[in-house]
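By letter and in written order, the chains are A, B and C; residue numbering begins at 1 in each of them.
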Amino acid sequence: MSRVHFSLIRVLLIARNTLLEASRQKLFSFLLLLALGLVGGAQSFREFNFGASELKFLADLGYGAMAFFGAALTITATAQLFFSEIENRTALTLLAKPVWRAEFMLGKYLGVVAVTAVFCALMTVLLVAVLWSRESALLRDIPDSFTQGRTLRIADLLLAGYLQWLKLTVLAAFTLLVASFSRTQLFTVVTGFFVLVICHLQYLARDAYAQGGSTFAQVAAGFVGLLFPNFQLFNFADDVGAGIPVAWDRVARVSVYALGHVAAACGLAVFSFRKREI
Amino acid sequence: MSTVASAVPAIELRGLIKDFSVGLRGVKLRAVDDLSLRVPAGQVFGLLGPNGSGKSTTIKIILGLLEPTAGGCRVFGLPSTQVEARVDVGYLPESPYFYRHLSGRELVRFYARICGLGGAKVAPRVAEVIDWVGLTEAADRLVGTYSKGMLQRIGLAQALVHDPRLVILDEPTSGVDPVGAAAISELILQLKAQGKTVLITSHLLTQIEEICDRVAILDRGRLILEGAVCDLVGRAERQALIVEKLSPSELQELRGWLGLRGRTLEAVTAPRARLDQIFLERVGRGEAKNPEGGG
Amino acid sequence: MWRRHAGSRSSVFANVKSRLLAIFVTLGGLALTGAGLRWMEAPLWAALRAEQPALRLGSAGAAAGQGVTLGLLGGFRAIVADFTWLRLHVIWEQRDLAATDTLLRLVTTIDPRPLYFWVNGARIIAFDMTAWRIAEAGGHEVLPAVQRDRLGAEQARLAIRLLEEAMTFHPGNAALWIERANIELNRLRDGEAAAESYRKAWEQPGAPTYAARLHAELLRRLGRKAEALVWLTRLHPQLPPEEEGTELVLSRIRDLERELAVPVMQTYRPAASVPPGRSAGESRK
């Protein structure tokens, strides 16, 4: 009998199916509508008469909504789409076919990544449209604040959206790693949110590590710093809001950094799932 | 199939043991206990036993979904832990749930492509198996709207789409009405006629008796009986004669005639028709392929 | 029915061993990845922290207990700062000086990147808070001018201190120097200091021309007309001819030449010269 090789086609088939399943779920639509509504409703900033700075508030709110709802979507979708396969026994049927477990896990992962990509793309496009139309209106109303012309750089706005998505891909990989050994969906979701907070705060642990304390605390903080990626590196969206240009070389480096963590977390998820009893 | 190939059993279990650990202390629950079985190629093999007897665990080991604690399992000569061992296997799980957001056709196409079917072959093959299980009319409806019987049939279609040599059916008639169950029995016999090996578990012992060549009975994970169905259920030292109703004097005469030959008449009863046969006669087997049936 | 088997010592050990192995492999794998990517992360992180001093243990600690900690934990620094600013806006409308001041410190601690917070914060301290304090003390009619000026000077110094803090986060920013000059001029009525601040503003990249013009204007008002003339004659060649301000600078030069009775032969002829505050050959758009 000929060998069954790892197949990218099977991975993509599983990913497409995962995306399709997610897109038909109410949670996805709910979070998307909520986030879109929030960005759309940000027009109420006009009441504060911030002038040109209104654009900063709009951008911050848009990327904040993308980060918050995106993280919620990523964690819940990863856990839900993974455990629905186990609990509904569809994984049983799928893995009874000549399918590698690595193909199954990577398919699930890419499916979730595609879900987050759709979410971030829609949010970014809407945000760019809102910001552009608002800037056009402000240009007409208060031209003195725009002596240099338009201040919005669409490339930077798109890059910030990309970085938000990149962060979510790392979060999805870590949530999948948790799901690979977790017995319940609830545990996975709760742990996923803990991972999110730790990844945002691990730099504080490193500061504490650098500033001293007991040897044990130093070692523990240093170890935590190694285990979890530093999500602060992805927060270029704040810079866009503050009018700081995004450096392309830095984006490239952060992309490699994210890819490294995604590869490790997915690899470990496959390792953990390899012997899992379905 | 060559002679050498057919000499290789479809499934071979040797001293199979499966323990499940519970808790950190590692308390073991033994689901399968020293099970040895051979399922010859081309036969319909019934795996019987009460709930919790280890049937489903055994099937999961055959499918490589579980690893045995001890012993070995081979499928067409390959260890079941290898992905390659599943290339020639189709599987219908008990009470199958499929992706509800796909239509029946999309679902079967998905599994066909997962099994490596591609290009122009996919669509006709998908249509063929859907037609074979009698779901052509409902093929473009979402699976989420299917009845239980239809789910079993679409499950059968996905199990067969890549034309496997071994088909494993875990309780294929569970929750299905007699019409649907009869239709599935018919499909299994057709599979046998195509030369496929079928491993089936079922609570419907009548159905098993009708379609299986061999059966094995498990209890508490152990094999307690195994053999050809005709050998197990036949009672060679007894006979039943069915005649038109005799008058009391004729009956007395018969007893006398038997007595002269050293025989006794052990029972006189009126033969009863089986309820499922009456049901099928009245409802009609022709409706078994009605897409709405069997739920 | 499945049968229970009491876990033998070896099976318990094997079970624990396999779980420990899984944990060890997972943690080890993640730690190795973290260590392996440190070479890439370290320079990125160092650069980021250099630009964002807010990413410090202290800044998160300072914000703690203000109801914003959770937002910072989730990495929503900018949006938390924005909403704190909106809260400040509401408090500002209520003219609550202490609360406005507290929230102002909080906003700039949470996110010191946006200039908007610093510049508007300085204006609130220098102008709005002065007005509130005067109103609280009885109003313009009741409070003597000396006391009004004293209050104004106190607030102006506080605003300047805020701007100085902002300059540590935004070195080389013209807008902060201009804001400082405005406060020195309008609140402290200190022309010398304001002229110096406008000069500093003009030295920063991307500074508007009016900063340089206002520097000269203040020198003129301070009676340092010759100095002002030199400044303007060195400024003019750097300005693009099509810009509105260029013509204005030339007109000011002519005014000063008249006021200083500069001989015709020594009057300014538009030509290349060394610009004030920068090296020769450097030009500005």
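Descriptive notes on the structure:
Criterion: a residue touches a chain if its C-beta (ideal position, glycine included) is under 8 Å from a C-beta of that chain, and two chains touch if they have at least 3 such contacts.
Because the structure is a prediction, the values reported are computed rather than measured.
Distance between Cα centroids is largest for the pairing of chain B with C.
The highest number of C-beta contact pairs joins the chains A-C. Put simply, the chain closest to the centre of the protein, by Cα centroids, is A. Chain centres here are Cα means. That of chain B falls 77 Å from that of chain C.
Each chain gets one centre point, the mean of its Cα atoms, and the points for chain A and chain C are 31 Å apart.
Our note on geometry: chain A versus chain B, Cα centroid distance of 46 Å, whole angstroms. Looking at chain B, residues 20 sit in touch with two or more other chains. Interface residues of chain B facing chain A in the complex, by the touch rule stated above, are 20, 60, 63-67, 76, 78, 83-84, 86-89, 91, 93, 95-99, 101-102, 110-111, 113-116, 118, 155, 158, 162, 168. Per the touch definition, chain A reaches chain C in the complex via residues 48, 50, 53, 56-57, 60-61, 63-64, 67-68, 71, 147, 177, 181, 196-197, 200-201, 203-204, 207-208, 211, 223, 225-233, 235, 237-239, 241-244, 250, 253-254, 256-257, 260-261, 263-265, 267-268, 271-272.
The residues of chain A lying in touch with chain B in their complex are 1-4, 7, 9-10, 13-14, 17, 20-21, 24, 88-90, 92-100, 275, 277-278. Against chain A, in their complex, chain C makes its touches with residues 22, 25-27, 29-38, 40-41, 44-45, 47-48, 51, 55-57, 60, 73-79, 81-82, 86, 89, 111, 113-116, 208.
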